[in-house]
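In what comes next, subunit A is part of two complexes: it sits with subunit B in the first one and with subunit C in the second one.
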Partner chain A sequence: MTGLYLAYTYAVARPTDGLHRVATTLSGVAGARAHLVEPTDAGEVVAVVSPVPAADFDEAALRHHLEELTWLEEIARAHHHVIEEIAAHTTVLPLRLATVYLDDDRVRAVLDARHDAFRERLSQLAGRLEWGVKLYIDTPAAPLTAPPQDLGPGRAYLHHRRAEQDLRQAGYQAAQTAAERIDAAARLHAIDRVRHRVQQGELAPGPGTNVTNDAYLVETEHADAFHAAVVRSTDDLPGVRVDITGPWAPYSFATPHQDEESAP
Partner chain B sequence: MTASDRLPTNPGAPLPQRQVALIDLLDRLLGSGVVLNGDIVLSIADIDLVRISLRALIMSISEQHPAPWTTGAAQPRALP
Partner chain C sequence: MTDPLANRFDSFPSRSAPPGGQSSASLADILERVLDKGIVIAGDIQINLLDIELLTIKLRLLIASVDKAKEMGIDWWEHDRSLSSHAEHRQPLEKENQRLREQIEKLQAQTALPPAADADADPTPRRATAKRAQPRSRPTTRGAP
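So, the complex of A and B:
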């Protein structure tokens, strides 16, 4: 793999019996089969890699391609597919999208250099999965109360605006209550939390306004209890909705602190 | 309303095959994950640029109704 192909790297994982076979059945980004790269002195971590054409994944091409939503989605889903399949067999540290090395030897060098840190984080994440919890406030419907007949157009407008604001304020208060209930559930059942940006725009699934977009790290045996508590968090709260996604491989928790991510 | 209809029936089960929302995936693939300085990989600053321009691409930016707890970039926070 020199020149024409680069080493697209998906994850660092804890090796298990049969993981090699699992990896080589997976079709990665750009369609090629994945494989495992081991450290020089076989250790307790491996990398999951597949060859990708340099023409599409060198720096200039990558920068260009990542702006194309169709290309990005294809790569993101292929990356995710590999992560999910590996995560079904062992603990993984997912790498950020489009982590590309010149060849397998360069990947091996990274495993050699960071073996202990990877091993430590893998052991911390064993038996734990990520759940996404998003709170939404329903878009206020038109206020039900018609303005009094005797208001002029200006005051009628203000009346309308005030009624809208009241509804929105009620929605935020309900969401605050739901968020506190989720916090309580997380203190009982979750190990860590990462807050993602709230989702907006065309890709954001509606309806309503997303006000929290959090990821929780949960022990497998606490998953049912956490899930049930989060589902209940919006009980008797009109105008607010919770959406749970997962379980995910621990994408949001692959590094303990963002500060440490810049290490080579 | 409580949770959506997309809830897995057995939350403790191994990761099922399912179509996830692209935006949830991008939150995780661009906003988190181990960042290694690969040979070809864009630098972290570049990834942030990609993220920003992507968001410009996919978002109709609306600051009209900012959320009360918007926190910007993903920030790990230990639970109390």
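So, the complex of A and C:
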């Protein structure tokens, strides 16, 4: 039989002086205070945990709740909040949403088992944060040119379609150019890059159409230069918009990835 | 104290619960990170990975699509294993054909369009022929066995 509370685990972090204090000021996913869990032989990693009611976080409840966008948003924001605050004080490896253990001892067992791997990735990410860079292009308006009067309906339709097509092509061209310039500028200051899916749909309203959605890993002291270079890279391009978000805890880089490491 | 944990849990989940309201980050940006990224460790509570995957897919319908980028020929998706699950390789030519076919069909549907001078054949079998003639992007047979 499980207890009344389960151990919701946010992140693995590098312990620092005062991290305990920071953690205990944070309100977690169910409103309870967070705390740190240490490995059995106090080491170079800790886990950030908070108690959550079993009634809301056991398997059946969780599966059910995750389908509710309101609930999911609350959990996601709370999860993110804890990680963000911890990341402001030390290096973190964010865990995926809803990583839940029966109790702190079970969390400790995971720390014991994976201590070295966690420590290694933490040291690789030390002093580095993630920045999001999204590129948008203006949604093409209807073609301005009216078809010549003497066209029949069929040819007028074709004419219209062609004008639309041209307009879209021009937009795509601009997007390609902008995407290349942004990436070139960003890579001057970034250590790594991960591509996310472009955003569209209800949760990601424009303005404009999102055409790239990237995350860059940047040294803290290069953040300003990174920011400036990315902004500058598309200054003279009409019809495109760059949205920079961050700094984020290195969510997108918590797990080492294969594709980009050896990119030229 | 007046604010024991148990009481705070009672009202959960409620809209007033999210802590701070600190971060101005958009929900889409947060969800794509907390659900799609981050370290995956099997917890004791197994919302098994399959459920999370399904959830992620559903959310993708809300927040994300690769179609736009692909349409524009930005094709890193093809090289990203995690993204290319249904990245059947569509030839640009095939796409162009598809587009043209749609256009022809639209035009044919417009009754205002006068029949072509050589409209001796019924258009239906014609279209069928055109479809069948559509080249499949099958690789040409390699050398003799």
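Keep in mind that, in the parts below, the second predicted complex is superposed on the first by the 254 of 264 C-alpha atoms of A that agree within 3 Å, B and C clash if a C-alpha of one lies under 4 Å from a C-alpha of the other, contacts with A are read in each partner's own complex, and residues count from 1 in each chain.
Throughout what follows, a contact is a pair of C-beta atoms (placed from the backbone, for glycine too) under 8 Å apart; a residue touches a chain by one contact, two chains touch by 3 or more.
Only a predicted model underlies this, so the values are computations on that prediction, with no experimental measurement involved.
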{"item": "Three-chain arrangement built on subunit A, subunit B and subunit C clash or fit", "value": "clash"}
{"item": "Touching partner for A:Glu74 - first (subunit B), second (subunit C), both, neither", "value": "second"}
{"item": "Which of subunit B and subunit C A:Leu66 touches, first, second, both or neither", "value": "both"}
{"item": "Partner chain(s) touched by A:Arg197 [first = subunit B, second = subunit C, both, neither]", "value": "both"}
{"item": "Touched partner set for A:Val46, first subunit B, second subunit C, both or neither", "value": "neither"}
{"item": "First, second, both or neither for A:Ala30, with subunit B first and subunit C second", "value": "second"}
{"item": "Touching partner for A:Val22 - first (subunit B), second (subunit C), both, neither", "value": "neither"}
{"item": "First, second, both or neither for A:Tyr157, with subunit B first and subunit C second", "value": "second"}
{"item": "Touching partner for A:Ile182 - first (subunit B), second (subunit C), both, neither", "value": "neither"}
{"item": "Touched partner set for A:Ala98, first subunit B, second subunit C, both or neither", "value": "both"}
{"item": "Common ground on subunit A, meaning residues reached by subunit C in one complex and by subunit B in the other", "value": "6, 9, 12, 57-59, 62-63, 66-67, 72-73, 76-77, 79-80, 84, 93-102, 106, 110, 132, 172, 175-176, 179, 194-204, 209-213, 245, 248, 251-252, 254-255"}
{"item": "Residues of subunit A touching subunit C in the complex", "value": "6, 9, 12, 26-28, 30-32, 51, 53, 56-59, 62-63, 65-67, 70-81, 84, 93-102, 106, 110, 114, 132, 152-154, 157-158, 161, 172, 175-176, 179, 194-204, 209-213, 245, 248, 251-252, 254-255, 259"}
{"item": "Subunit C residues within the subunit A interface of the complex", "value": "5, 8-9, 12-13, 15, 17-20, 22-23, 25-41, 43-47, 51-52, 55, 59-66, 68-69, 71-74, 76-77, 79-81, 83, 103, 106-107, 110, 112-114"}
{"item": "Contact footprint of subunit B on subunit A as seen in their complex", "value": "6, 9, 12, 57-59, 62-63, 66-67, 69, 72-73, 76-77, 79-80, 84, 87-88, 93-102, 106, 110, 129, 131-132, 138, 168, 172, 175-176, 179, 183, 186-187, 190-205, 209-213, 215, 220-221, 223-224, 226-227, 230-232, 234-235, 240-249, 251-258, 261-262, 264"}
{"item": "List of subunit B residues in touch with subunit A within their complex", "value": "1-4, 6-8, 11-12, 14-15, 17, 20-42, 44, 46-47, 50, 53-55, 57-62, 65, 67-80"}
